[in-house]
């Protein structure tokens, strides 16, 4: 649940195995509390605002009520069905976007002529709202899974592309020189120099893309869908099943958090070598 | 119209003022052609696919027809009205997002404790779809401009925040050491070291945010709007005015291109010092 | 931060710099957080206005020591006093020249020098520019004002970094192999300039170098460090007539003596550090040209 | 790429390296695309197996020359031939040690050395590891295999970079002040190792240094460059008995003579480069301590 | 007349080209001294109801089934006047390709029906069609309703991605004009003439503004009655003209073309008073969806004819 990687493992320094472990445990507990404090505050507000009558319970039901609905939906298996539907779409769309955007971003960042050629069309599409294009996607890809996956891919594509290009641009030129002096092939320079350098930037792109995929999924599942969390939210909203709508939103947010955590962990793995920039 | 800055000014090298200027002009013309080729190809496809009957003209009218509608709308002043409506919303929303996300991103990237505290709530909101939150925004901010601007701000906020944080993380620690050795204050370190270093990353965030603002504008202007390009697209779609719908989409894309160009130029200005990474 | 040294070890009057590093260690990332002791038991007092040079084998902890002096790192156990005051962070009274330049890549040579004047404050834009220009000229870079660091050669970058820390005239100058990337002649010129500056302003200087000649030529005292973990092996007082800068003190008979003394002190250290090194990786004794024709993968 | 030098200037048999740089210029970013001529009229032939050292004032174009030799830059006008073949890009036959280390920050010391072996290819993972270990040991870094570059001292980084280019035994070694950040003793050890390696494999070496001693000690020939724009001012043949590495050729009477000759050749250059430098930016002759108490902004 | 508590009424207009009784009342001058504040356009009844329930607008209109739904969800709203209805002239319907594959309700089992929005009129009527076609509740569940953007409905039908589409108003006319499409059923064939949309006010608005409410509802009812009169006299063009001029005067004249196809408000009762049946007919449909228990609703609390002068106490 972290926006950027934080280095945990600073525990265990003092002598005396037990005391040290105890202290470390306490520190870890305190750290975890501190790290969840803001989210807990949000949840507390969510519970209290409607309970205290500061907002209308009908439109903003307290968290506990939403959780109740969530549990009920999980029991009946309805929730799992929607989650499965959405996950297939977003994972496929995200995966396709990664598979295309990362290599393309590396190539565009590297080959000036390719960049010059592709930029105008890419920028044109990038600045077209995925939502506005929904009818066009349906026109070309039909109302089935293809158009939904297509629009998720479209939405994930550009954050990954731009971040990858920005990552390539920030590579230390001296490292590239050194690789070129070893007569490394272009693909080898990519994988051995540019990719590791660009990791933080690429991962920022991934995390933004994951967010984008959530955003458009709601829109994509507005049309031609019969299951999925976006469908659930739409359906609940149009039928005034307000707690159910919030249950859908909460589920998406929680899944988003989990995915983000996965990405942050993966990034941390890949950039252990980095000198921490921040001060304590 | 470029995804990343390309260095133009390589013109004018050869001796002989006129010949050199001529050559430079030709090279520039050839460069411009090459740079627009892909977009021109897209436009050609747009014109030809429906004309050759490969897609249904009714649902996918040729570009020329869309341009005709566009010109007509521009003549009547309708187009300008919609553009003005949307621009006010997106510029305000974008501006607010920049004003909050950049300082916050710098602070989060820098102060580990602040980061630990805020991350959980921020990540929770980040992974909540702006579209799903539309009803909640309306609930709290009303149906007027405030909720529309609010949702644009929300959508722009996170790309800028994440990119800024990622920018801070990529600052050379030696430069920070050197600034600290000069007893620079934290704000001075921000403005003199971290911000210039983070410029490319922050600008990538800006460009992604501009894209996000376009995306959600369509959704925001679905509710309670009387003008704006999102409104135009919805309205046209609902009333079956297909060429008008495409005219709206095209206008948004063109404005997006212009904004992007602005950002690219600004970034290029701010990072003239950068060593070009790419090979020719 | 407490120190294990008895306070009686600090002589009166209080020195400009009183450094006590009981121990300084780094936590290694990969080896499961294993601790690496870089410095152990170093006590240095530098009187105001002294020029102290430090020599020691590569990796013995010189840079680390300098960063502690600059306040950029706190010793794992130990303390730093400046003018008798306990100090925990960096301050403008101490200027540092880093081993690796640390120039801002987005600023020109001139603007990089102005940077430290901006940090110091108290000058108008115009005054800053003038001072920075003069400093650039001093290090022989007139005409390179508008170059970005990546448009400068290695030695030029180093000279800009030197100019940057000289220009705001800090009380204490901390220099980490500042002349390392300079040719012998430029180096000599800058050594003289530095001495002249020091004599005129009586700045306190702590100067790390790899050149024993340079250490003896510049330092009133030379601290010789041992290899890992770094300790002060010896403090050599260098008593040479420095008043007349034009006289070649390198030709002074004592110069060679000091040089030799320090060389001897160091030799053992380096040998100890490299005890087991033997070149064993060249698998094939044939000349490379022949080999490269035979080898399939070359 | 044509050359203005008549082809008759190339002696037979073809040298290992035949470099002709008619002119090499940089385009400055800020000054409206103004051209800056860094090298002008340099012609160097290096016979196979020669050890050539290059000295010259800071900023004279040594690094630029080396990058052209490495194929990382093409001369604005000129040509490079290796073994008689025109060469336009980098190749594995030439190994380069950069003035600024150029280590991959995400790889450990050992993995950084393996990097060049991976590029060279033809070895198993295991062999690479063994060779890399041996190379690290040679440069005195046994025990530092798993350190990341930012966990190493300046001199250690430089040694890793040296090990990295030695380990894959290129035909031609291009070294840009490789021993600049090393203490005198480590430097001497590595100089000896390098000579031993060179004698054994007869690698062709082009070696840039700021130390005249080092240039004479290592080089069969020393190229002395002029300050901007860089030219070859003189080629000094150094005829010293190098066969016995254990004999101290620095004590040889001719050594001092060569040293002096080169020193003289360089002195004029440096003086020319710095003609107008005068220290004028210290506005205030009072000692800094007093001043800092009086100044309001300190 | 009693003093009006509020003289400004906030509302959202519809993105479709249809005559709104509220705006018609304004066009006819019946609303004065009340003025209308158009907050914006809204897409679909449910969103409009939500805006009313959260106090964003004062009056909204929606499909009666949706009104039942939102009231069941706890929103304090009351229907006060009918807004639209279905008759011979206006009836939307369920359309399929004229290729002989889809002819009856049974042919739709396991197939998809395209609709505009979920939870709206079209979905409810289609369900009734399926039930009347003899499908069991289990079989009806095998028919999926797919929400589609307007431009994609006809196209998806023609591409065979949906087996039937609910089409109304101008879209149907345009689709039929291109041929190859036939009606499976029309709402009017299925249910006869009936009122399907009502205008709603918030309960607290009614309580705080009894006089304004009365004036407002009366004005709308009068406008409905006026239109009904013109429809009866076959002077539809007058209604269109009055309404068009009104829109033009408000600067909204750009999308008027479809208005020329306008036929009727479709409202059956004079002045649009509300019949119990208008709501009762959807309770079954609501229950079948299993989300709310429509039977628990007190229908008499869902609507009120108290402010409609044309209501003479009939059931």
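A few comments on the model shown:
Going in written order, the chains are labelled A, B, C, D and E, and every chain counts its residues from 1.
The rule is short, and it goes like this: a residue touches a chain if its C-beta (ideal position, glycine included) is under 8 Å from a C-beta of that chain, and two chains touch if they have at least 3 such contacts.
These numbers come from a predicted model, not from an experiment.
The chains in contact with chain B and with chain E alike are A. The greater number of contacting C-beta pairs, out of the two interfaces A-E and B-C, is seen for A-E. Taking the mean of C-alpha positions as each chain's centre, the chain lying farthest from the centre of chain D is E. With each centre defined as the average position of its C-alpha atoms, the distance from chain A to chain C rounds to 46 Å. Separation between the centroids of chain C and chain E, computed from CA atoms only, is 83 Å.
Listed for chain A are residues 56, 59, 135, 139, 173, 237, 273-275, each touching two or more other chains.
Those residues of chain D in touch with two or more other chains are numbered 29-30, 92, 100, 120, 148, 150.
Residue positions of chain E touching 2 or more other chains, listed in rising order: 47, 50, 54, 149, 151-152, 155. Against chain B, in their complex, chain C makes its touches with residues 67, 70-72, 89-92, 94-96, 98, 100, 102, 104-107, 115-116, 118-120, 148, 150. Against chain D, the residues of chain C that register as touching in their complex are 26, 28-31, 48-49, 55-59, 62-63, 92-93, 99-100, 108, 120-122, 130-135, 137-140, 142, 146-148, 151-156, 159, 167, 169-171, 176-177, 180-187, 189, 193, 196-197, 200-203, 210-212, 263, 266-267, 269-271, 273-274, 276-289, 291-292, 295-298. Against chain B, the residues of chain E that register as touching in their complex are 12, 15-17, 38-43, 47, 50-51, 54, 56-57, 149-152, 155, 170-171, 174, 178, 254-255, 258.
Within the complex formed with chain D, the residues of chain A that make contact are 174-175, 177-184, 188, 192-193, 196-197, 271, 273-275.
Chain contact summary for the complex, chain A toward chain E: residues 56-59, 134-135, 138-139, 142-144, 222-226, 234-235, 237-242.
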